[in-house]
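Two complexes are shown next, each including subunit A; its partner changes from subunit B in the first to subunit C in the second.
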Partner chain A sequence: MPELGRAALIVCLGLAVYAVVAGAAAALRRNRRLAESAENAVVASFATALVASLVLLVALVQNDFGLVYVADHTSRELPLGYTISAFWGGQEGSLLLWLLILTGFSAAAVLLARRSAPSLLAWTVPILGGVIVFFAFMLVAVSSPFATQAAPADGAGLNPSLQNPYMLAHPPMLYLGFVGLTIPFAFAMGALAARRSDELWIVVTRRWTLLAWTFLGFGQLLGAHWAYVEVGWGGYFAWDPVENAALMPWLAATAFLHSVMIQEKRGMLKIWNVLLVIGSFALALFGTFLTRSGIISSIHSFTESSIGPWFLGFIGLVLFASIALVLSRLPLLRSKTRLESPVSREATFLYNNLLLVAFCLTILWGVLYPILTEALHGEPVTVGPPYYNFFLKAFGLPLLLLMGIGPLIAWRRASLRGLGRIFAWPASVALATGVLLVLLGAGSSIPGLVGYTFCAFVLASIVLEFARGTRARHALGSSSWTGALASLVGRNRRRYGGYVVHASIVLLAIGVIGSSAYDTVAEQRLRPGDTMAIGGYDLRYRGLEERRGANAQELRAVVDVSRDGERIGTLEPGKNRYFAEQQVSNEAAIRSDRLNGEDLFLIADQIDADGTLFLKGLVKPLVNLIWIAGFVFLAGAAIALWPDAREQRRLALRYGRAEALARA
Partner chain B sequence: MSPELLLGALLAAAAVVFVAVPFLRAKDPPEPATPPDEALARAEERDRILAELKELEFDHRTGKITDADYRALVSPLRRRAAALLPAETAKDPSEQRFSAPRVPSSRSDR
Partner chain C sequence: MLGVFLVYTSIAGGTPQLAPSELNGRTGQVTIVGKVVAPVQRSGRTIRFRIKDVEGGSSVRLPVTYTGSVPDMFRAGRDISLKGRLRNGTFVGASGTLVTKCPSKYSSKKET
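So, the complex of A and B:
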């Protein structure tokens, strides 16, 4: 079947080239037939990418080792789920997934905008087509998943660390986020190219941006959990360049989601918003480049990589063309309104934006610095976690505080008297929490103590917002308190969904602070029968057990766990030796306490032939709140994403009337 | 010709037909109306002011804004809204909901 896959990709490339050329010509000549034809080309490109993807999927499932990609990333012993996940386990397959999602999102965006905002599509279609051209070209000419060979008896298998259920969801989720950022970029550039100064592009792409941001955020959390349970070093985020690659566009998109509200409410920050959209998209491309080019492991593999220079060229082109477009349209983007007061809702959004962008840029510098130093001096200067952790505290703590302050301040300006009244309750809760934590001994980490105090402040302000809003709705005539709450959320889904997302960030912060500032670590060499104590737990090493798994030989150290003299379970950290891959992986063992959210995390660092075990144990307080935060985050995003019929009617009235005026 | 190449050719042919559909129609599709910038800017500004008034009213009801702050903010917004609302929208019930709210007399500065 590889010929069909190749043919489908070539047709996809042809359709995308047509969408660019015909779309641009139609926009210049105002030719409606040509424009619709270009739109159809974008829609048809999805069908061809789908055919190519199905061909690869069938080849993977059938173990067709005549395809180089299948032989390099699967084996006969690999379970079916991981065989399917091999689709995105390698460079060529992951690029095909990019193309599939890109064409799917583009087709959906074009079809939806045909009904809601047809006048915006003129230049948007050629821009979407341009991005599709790049990825289709890469798959046709540079990095094809359909290269063939004489089929070997078995494949090389999949990297053992990728053999984890999280790998079925984590990479596609990240790709949905990365690729989703293409849509706001294309519509923003399309609106600028058409010399439009209105906010229709923001209205059309609002949900796309939120959806991409949600996928990117949740995908990172899935990746963190995968790292926690699979990689086995006891952490969930190591500031690895690949992790940073996903974090940077998420931070930029977070800044955009906040600053776009200032444009909608006050008509300000138009240039800033367009730059954030460009930055988010460029960082999504940069993340894909960073992950797949080989530049991270060695600067030399970058020069040998066939994909890296193409990606760099494309990122450069995107940045040059889009910034040139913004510069040429500056008069359209100038706003008439100014910030009235440094103490206002829009001012706190602005501070939030500056902190998010500054944090994003420090991460970008941390990622680029080793690459640049190696290129210039031949030796990379490593930028490790202390660098990132410093900036996490420097920017993260003020961001946390602003999350509590922002929602309580009014738009335009607020008086000191009003501020004193509104902040009295959350500030008192925060102060009381801080004092209580000091009494409980949490003063051992000052950043931890400050972070928890800020968390209490933010949670109190969120509760206050919901309570006051519900009371006001109830006073306006809602029959019940639950009805008043539902009415409150239903009438402003974005705001109250946003508060739920803020609550998830607070949960995340509580989990991160607890598990990093207040964790306990112990290491010990144990013989069978020996014991070890850590953070209130008593561990007794019973001995080794060996068994055969589906595709690996599993060696496990059996450790009995007791607390306060009572046996509470058995943990089995160990190692797996994978047959096909000829690799050994560390398999951590975790016991979660559902009552206090704490984990006991055991790593068999070394297992000697005589049964001696080098055991590392970590007690991580509140770490499970990080994973719970993921579900709260999804709930908040779902509330914000839920269609609001009232708002849609209002927007239809606004743009419908304006378009009716244009027809008159 | 192998079946795979034949399928590839069929895919290409189907794509060409789909792309050519707009040229096969008898009538020209209607040109999407591009509204004049001023009309859109006015509509957006009108909605922005009305939303601000609505939010200001709600913030005042929830006690987020003092009466003094409310009075200082609401008057200029009302004037802007009155200037932007054309005569016919005053009769539009869907927009009357957003029209300038009254200052509640019951609340006093605490």
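So, the complex of A and C:
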């Protein structure tokens, strides 16, 4: 079987090389038949990647420890679900998953664009092929998942912290996001190489970018929830380089999603958009590189890792080639119009972009800082959460404010009087909220107070937009108010889907601010029978319990929880000792309050043999809004992604002529 | 832009990361990265142990004391990083900064 997997990967590499060579030759000679054959090679490469993936999957499920990868990442005791998740639990499998998604997305994008924009594919196909070549080559020559050995009696098992349902969904989601960013990159470069100056590539790839961005965003939130419930230190995001790896391309893609609207509507920011799409893709590659190369722990482990130098070389090549292409096509990228006023919707979008990119660069600088200082002074210097949190406030709060301003302000040029009229209502809501919060005691954190005031402002302006639109529809003759609302959203899916996403970001901000600026932490040494008070809760440590789980010995501290003298439940923080992996992992216990979204979070920091417990407790107000935000985010993204026949007709009219010209 | 980060990191941020043999009596705040040498002594919430360089043949065995939460993966032979400063020849770790390092976040095997 491993032979089949290896063979499939070699065929995949061959097909990708063919797509590059034949595709480029076809584009140069304008040979349509050869171009179609190159397109078919991309589609066929998906079939070979699928075969290789199935081979690995079958080997995992059958506990075929003759495969080094299977023996290193699973064991006989491992439940089936986690055996499957071991597919992406290690480096080789992760690369194979990258290749599988990459070829799948490429095949789908090629097949779809064949009908809607065939002329755009000429150079896009060899570029997609080039990316596939890299990953297929890595899997064939550098980091093969099909290396064999004499089978040991049992495997080494999967890292216990990966034995969690979230690990079934979180890594594939992130990969779908990372890889998805390849598609807009390839089409943008394909359009440039073909000397096209229109916006067709943006139209064709809008949904791909949105889809990749949605996966990346939701995947990160899943990761945050995993960190929260499973890693058990009481937080959900720690500015760990691996977390930053996913956040950076998401921020760049967020900037891109906004600035393309300006290019579509006003023909501006063309160079900027091309740079953003290159940046997003390079950051997606960099993210994979960061998580896989080991460069984080030390510059030395990087040179020992098998894939690190290859990845760095490929990122360098991508950046060099695409920047060179952009420079050679500068005349094509000249803006049709200029910014008319610093107070206009275009300008707001521009500020939003600058802040998002600045924040992205901040994180990049923080991630690279230890590497740079080690290279310069021989001594790595790290920056920690204070650095990131400072810039999160410095850039995040203005971004929040802009989110309330942008949708309401006029295009081109806004008058002062107009501003006063539009913003009177949201501004008063924000002010009233601010005063109310001060009275409630939220003044203990100034950034928190400012953040909440901005949140109220944004929510008010979103509600105002929905209300105005619905009223206008109703006046046009919609029978009911709900019908008017539905038709409003249905006719402007991008816009109102976007507002729903904005609302989810506000929910996220409320949750993040509540749980970080207004949390309570307490630690105490407890003997059985002792009590401890934290943030309005009274805890009583009853004693230890030990039981045998499916693949771990479970030790639990039983803690009674009461509030205002009334018992409201029992929490059991503890530790698991995994049999196969010989590792201990912390199992935090969480009580969520459904009414106010607050969590009581308990960690059994240390349990001594005599039953003494070192208990750490955290009270995190509003933290559950973060997870609710995830679902609102998905709903908004789904509205914006939903196929829209009216939009398709409009675009067909606009680009049909250009397409006909290009084909002639 | 870059200037702002440079200024910020040089003034406010940044903790140097050193191997035990590189400490050389420095008393400022640093992050020490090394391998835990047995035995590890526990008394209540405080642990005492020595650490050596992860790589190279240095004979330095730096005594360390640390009070606070200890990660699940901590044990002799592991690579760790710990923020703190040197006091009277002993490296005193700051609570909550003890981190165990594994070769890759996602793989549990091949400890060196």
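Please note the rule applied: the second predicted complex is superposed on the first by the 654 of 664 C-alpha atoms of A that agree within 3 Å, B and C clash if a C-alpha of one lies under 4 Å from a C-alpha of the other, contacts with A are read in each partner's own complex, and residues count from 1 in each chain.
The criterion applied here is as follows: a residue touches a chain if its C-beta (ideal position, glycine included) is under 8 Å from a C-beta of that chain, and two chains touch if they have at least 3 such contacts.
As the structure is a prediction and not an experimental result, all values here were calculated from the model.
Once both complexes are superposed on subunit A, the partners subunit B and subunit C fit side by side without clashing. The superposition-derived angle at subunit A (between subunit B and subunit C) is 150°, Cα centres, a multiple of 10.
Once the two complexes are overlaid on the shared chain, A:Val43 sits against subunit B while remaining clear of subunit C. When both complexes are overlaid on chain A, the residue A:Glu77 reaches neither subunit B nor subunit C. Of the two partner chains, subunit C is the only one touched by A:Leu361; subunit B is not.
In the superposition on chain A, contact of A:Arg421 is made with subunit B only, not with subunit C. Contacts of A:Met1 after superposition on the shared chain: subunit B is touched, whereas subunit C is not.
Judged by the touch definition given at the top, the superposed model places A:Glu572 against neither subunit B nor subunit C. Contacts of A:Asp154 after superposition on the shared chain: neither subunit B nor subunit C is touched.
The larger set of touched subunit A residues comes from B, when the choice is between subunit B and subunit C.
In the superposition on chain A, A:Pro386 makes contact with subunit C only, not with subunit B. Touch criterion met: A:Ala410 reaches subunit B, while subunit C stays clear of it. Taken over all C-alpha pairs, subunit B and subunit C come no nearer than 29 Å in the superposed arrangement. Shared interface residues of subunit A (contacting subunit B in one complex, subunit C in the other): none.
For subunit A in complex with subunit C, the touching residues are 72-73, 89-91, 94, 156-160, 162, 233, 242, 291-292, 294, 297-298, 300-301, 358, 361-362, 365, 369-370, 373-374, 379-384, 386-387, 390, 525, 575, 581, 583-586, 603, 605-606, 614, 616. Of all the residues in subunit C, the ones that touch subunit A in their complex are 1-2, 5, 8-9, 12-18, 22, 31, 33, 44-45, 55, 69-70, 72-73, 79, 101, 103-110.
Per the touch definition, subunit A reaches subunit B in the complex via residues 1-4, 6-8, 11, 14-15, 18, 30, 32-34, 36-37, 40-41, 43-44, 47-48, 51, 118-119, 121, 194, 196-200, 264-267, 408, 410-415, 417-418, 421-422, 468-469, 471-472, 475-476, 649-650, 653-655, 657-663. The touching residues of subunit B, counted against subunit A in their complex, run 2, 4-5, 7-9, 11-12, 14-15, 18-23, 25, 28-37, 39-41, 43-45, 47-48, 51-52, 55-56, 58-59, 61-66, 68-69, 73, 94-95, 109-110.
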